[in-house]
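What follows is subunit A paired twice: with subunit B in the first complex and subunit C in the second.
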Partner chain A sequence: MPDNILTLLFAVLVFPGGLFALAFGLILRGLDRRAVARMQRRVGPPLIQPFIDILKLMGKRTMVPEGSNTFVFLWAPVVAVAAMAVAAAMIPIAGFYRPSADLGDMLVLLYLVTVPAVVLMLAGSASGSPFGAIGFSREMAIMLAYEGPLLLAVVAVAMVAGHHLGQPIALSLADIVAVQRQQGAFILDPMLWPALLAYLSFIPANLGFSPFDIPEAESEVLEGPLLEYSGPALGLLKLASALKSVVVIGLGIALFCPIGPSGGAGLLVWALQCAVVTVCGVSLAKAALGRMRIDQAVLFYLKWPELLGIAGLVLAVANL
Partner chain B sequence: MGFMQKVFRRSPWLYRINAGSCNGCDVELATTACIPRYDVERLGCQYCGSPKHADIVLITGPLTARVKDKVLRLWEEIPDPKVTVAVGICPISGGVFRDGLPIEGPLDRWLPIDVNVQGCPPRPQAIIEGIAKAIEVWSDRQ
Partner chain C sequence: MDTFQIPVGPLHVALEEPMYFRLDVDGERVAAVEITAGHVHRGIEHLTERRNFWQNIVLTERVCSLCSNSHPQTYCMTVEAIAGIEVPVRAQYLRVIADEVKRVASHMFNVAILAHIVGFESLFMHVMEAREIMQDVKETIFGNRMDIAANTIGGVKYELDDARVAWLVDQLDRLEPVIVGEIAPLYRTDRSILSRTRGVGVIGRQDCIEYGLVGPVARGSGLDNDIRRLAPYAVYADLDFDVVTETDGDVWSRAMVRLGEIRQSIGILRQCLAKLPKGPSSLPGWPAIPAGEAVAKTEAPRGEVVYYLKTDGSTMPQRLKWRVPSYMNWDALGVMMKDARISDIPLIVNSIDPCISCTER
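And then the complex of A and B:
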């Protein structure tokens, strides 16, 4: 049906994926930089600094290093942005936007969330730089470590929501949101707090923020996979990471706290929730903690968030 | 001034090269970025880890024989149009190391320098002034 296709295209390209998510992600990024600066008692850059940076990068030239795989090097950032635009269209905004089931369920979303990390690995190895290769191996190690807590937290929520719906597991985010709007948000259920903590600890590693910005560490591996990028290609990678923060934070809100009222106010509440998670969950850790070593980060994830995730799953299932 | 030029003026990314510096100037550079009173981030600046992302390059140190080739190669990697800022007295004249055997400087024998920031080490205010001047030069080159 052409109608349906047009709606889907609109969702992916304009709202809530595409343009809207890009603008919102960049504002969240600016808010984060500003918040970190304020926590360090600096003035900080203007809120629209990320927009300015992206525009500047778009006005520069992309250099392709000698000895790189040109095709992969130039197309990897495009893939990351496309995957994240689709993923952003799959995130429900409580009371305002319900993603179409045609876009796919949560399994598709979980696969899409890993795409930017895979792209970063591809980009790092295609650039032909030894620093890119180090970034590649670090990205892979930390990805293996943080995927566990993510999956455990998501499965715990999906099983609880499925129980309310009379299914073994609820795989549609829209259903999970609907259940919470009837039964009360899962953030109020102490049995799901371990899962919530596991999800919160997954956010900084997935977004590549301190103390888990190890694959892209400027001072040790010269930004790793991003080292050889410049101009629009670098801009696209930055856009993909801005989109990813909307996706990951929006997914967290949909899983645990979709409490917005119906209509336009729902969008506003959702935006505020995203801002609060960014400042409290990301900026605070960034301002307070230094970068970990890769072995410390992997051990940390395999110990605490993983344990929390398992505890969350057991509690959630035992309580059904 | 065109739109893009305005954009460019508000987003200069900085890259640091240590050409055999005693680290005094590097500490001052870190101070310029991190200490609340100075904060260059509010100008839109950002220290970047890769020479390929850089717009303005800050060089410290008297250019010793050991690092000369590496410094020149790194400088080549930075895309044009770039602005080169010599931070501290060492890259300008050699400073206290002036007539030393391993010194290949002053830096302008090898590279075109756009802005000089004097001092041993220069005060953060001076570095910020130098960066502001470099932004002027840089936006003229767009």
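And then the complex of A and C:
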């Protein structure tokens, strides 16, 4: 099926994965920096500053530290970008884009979402720097803590959607979106609010933003795994993290609030939703909170979001 | 898990100055700390023996930036003690004003850096923005934002007319509500700050005495050893202020002491500006400095500064020696860092407000 392969390639490389997600992710990053600056009564950089940063990094040399594992050190960022480009192609945009089932279902997506964190761990340990090693252990700890709430929230939504479809569980994001477009967005269902909160609290930790920017804390471990990176390799890691914000926020919108109208307006509404989540969810927390300690963050996740996730699942199942 | 070593410093984003900590780390816990100093030794003490008494005012001001008023002031006090110079009362008031302006700016800088290390950038920005009021005061009154060159032997080198006094009071009126109404309550109640600073880097009162700690570090553990109260110099004896102490001896207590002292300093400034007597602000001419020895001490923002001067009747010191507060305080880092987490190390270091360039000069 050459047609299908071409479509898939287009989805992964151009839209909505690849180039589009890259550009959109960088704009979201710029928006976030600008919003934080405004909250701190600063002017802030121009919206396209992240593009400029990436361009600058791409024009520099990548230094590979002595004593590092060169292969892992250089390929880890590539893997992160590739994984995120595929993941971005799997995110439906309500009314505008329906991912092909050939890309895989939500289980694949959940695995892909963890790839950047794993890459950071690999990169940290491959760099041979003690700060990278600390970043590794912190990334691992916080990942174990936030994966629980994520899975619980996703399963709660999938089970509710599956109930509407007459299946035990709906593992296709496209189906979950379709159900909500018929039955109303899940964000309006109070029974799913705990799951929504669990998902929202997962976002800053997964994206490595305050108050959970612990593995890459600049004033503590000198950006941990990123410490030894420079030039294009660092640029790729930054691209992967920009892509990840699109994936994680887009997944949240698909799970809870896919309300865009059909056609081009759907894309516009989706982009606006992403921007709102970025400013209200990420920038606000960044401006209002300090960093937690790793033990505090892990404890926090094991307490509140985990509880919310369990409550969300129980409520969702009890209500079927 | 085996312990492994990580270097903190000599260049590190959370340290303003070069200092090297070699940490033996067991997971996130610190097993042992080794502190190495000496990266910014510039031989200033030796240099003072090759400069005359007036050149040394300029030189001692450049020992350190944040306490750059305490050094020349204490130095001038030793020279005045040897020469038997009576400093005019107005000059003494002006000295206190210069000193307290510097203290406010220095303490605000330190608590701002605390917020930066915690990753609370908005609070950092807010405190630094408020600190600009004090920086503008320095620039307007003294003509410079850091080295204010206020002191000279026998008096001060700046004047305050009525317009400037009124303007200064205005600036204090702008700053005080921000400190009292916004910044201090934030540090006292914000969860981000409390969860990272309470119970971190604790040092008890007894340890403070044994290590001879000075300044806000000692006062954070309940030891009220403020030189302005214990051995009043200039006109501190006539001024009404409280020595701020806290009891817990953790990073948070030391920050709260500094915030409290900012408020006391604003009060001292207000009293000085109201009481400022008429008269000369310096002595005419250059007095001869006879042979002799003298010691003077003042309360710098970081604690007690002691200057010792020996002269032989020439125009240059035979020996000038000083002891700065950070020298006393940084040994206690070993106590404070015992069983600390890696993430707490920069916080603990910052909490003693170390002045490396003072200590190593």
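Heads up, the rule we're going with is that the second predicted complex is superposed on the first by the 320 of 320 C-alpha atoms of A that agree within 3 Å, B and C clash if a C-alpha of one lies under 4 Å from a C-alpha of the other, contacts with A are read in each partner's own complex, and residues count from 1 in each chain.
Just so it is clear, contacts are C-beta pairs under 8 Å (C-beta built on N, C-alpha and C of every residue); 3 or more make two chains touch, one makes a residue touch a chain.
Note that this is a predicted model, so its numbers are computed, not measured.
*Asks:* Clash or fit: subunit B against subunit C, after overlaying the two structures on subunit A?
*Replies:* Here the two partners, once superposed via subunit A, clash with each other.
*Asks:* Between subunit B and subunit C, whom does A:Tyr229 touch in the aligned arrangement: first, second, both, or neither?
*Replies:* first
*Asks:* Figure out whether A:Pro130 sits in contact with subunit B (first) or subunit C (second), or with both, or with neither.
*Replies:* A:Pro130 sits against subunit C, while subunit B stays out of touch.
*Asks:* One more residue to check, A:Arg41. First (subunit B), second (subunit C), both or neither?
*Replies:* Both partners, subunit B and subunit C.
*Asks:* Using the superposition on chain A described above, determine whether A:Cys274 touches subunit B (first), subunit C (second), both, or neither.
*Replies:* A:Cys274 contacts neither subunit B nor subunit C.
*Asks:* On the A-aligned overlay, A:Met63 touches which partner chain: subunit B = first, subunit C = second, or both, or neither?
*Replies:* Once the two structures are laid over each other on A, A:Met63 reaches subunit B alone.
*Asks:* Between subunit B and subunit C, whom does A:Ile52 touch in the aligned arrangement: first, second, both, or neither?
*Replies:* first
*Asks:* If you stack the two complexes on chain A, which partner ends up touching A:Arg33: first (subunit B), second (subunit C), both, or neither?
*Replies:* first
*Asks:* Give one of first, second, both or neither to describe whether A:Leu289 is in contact with subunit B, with subunit C, with both, or with none.
*Replies:* second
*Asks:* So in the superposed three-chain picture, is A:Ile93 touching just subunit B, just subunit C, both, or none of them (first/second/both/neither)?
*Replies:* So A:Ile93 meets neither subunit B nor subunit C here.
*Asks:* Clash with subunit B: which of subunit C's stretches 40-48, 76-84 or 256-264?
*Replies:* 40-48
*Asks:* Can you list the residues of subunit A that touch subunit B in one structure and subunit C in the other?
*Replies:* 40-42, 217-219, 221-222
*Asks:* What residues on subunit A touch subunit C, complex-wise?
*Replies:* Per the stated touch rule, the residues are 36, 39-42, 130-131, 133-134, 137-138, 210-211, 213-214, 217-222, 286-296.
*Asks:* Using the touch rule from the top, collect the residues of subunit A that touch subunit B in their complex.
*Replies:* It is residues 33, 37, 40-46, 49, 52-53, 55-56, 59-61, 63, 217-219, 221-223, 226-231, 234 of subunit A that touch subunit B.
*Asks:* Quick one: which bits of subunit C touch subunit A in the complex? Just the residue numbers, please.
*Replies:* 4-7, 12-14, 25, 27-28, 115-123, 125-126, 129, 190, 192-193, 195-196, 341-346
*Asks:* Can you list the subunit B residues touching subunit A in their complex?
*Replies:* 4, 7-8, 10-11, 34, 36, 39, 41-42, 44, 46-50, 52-53, 79
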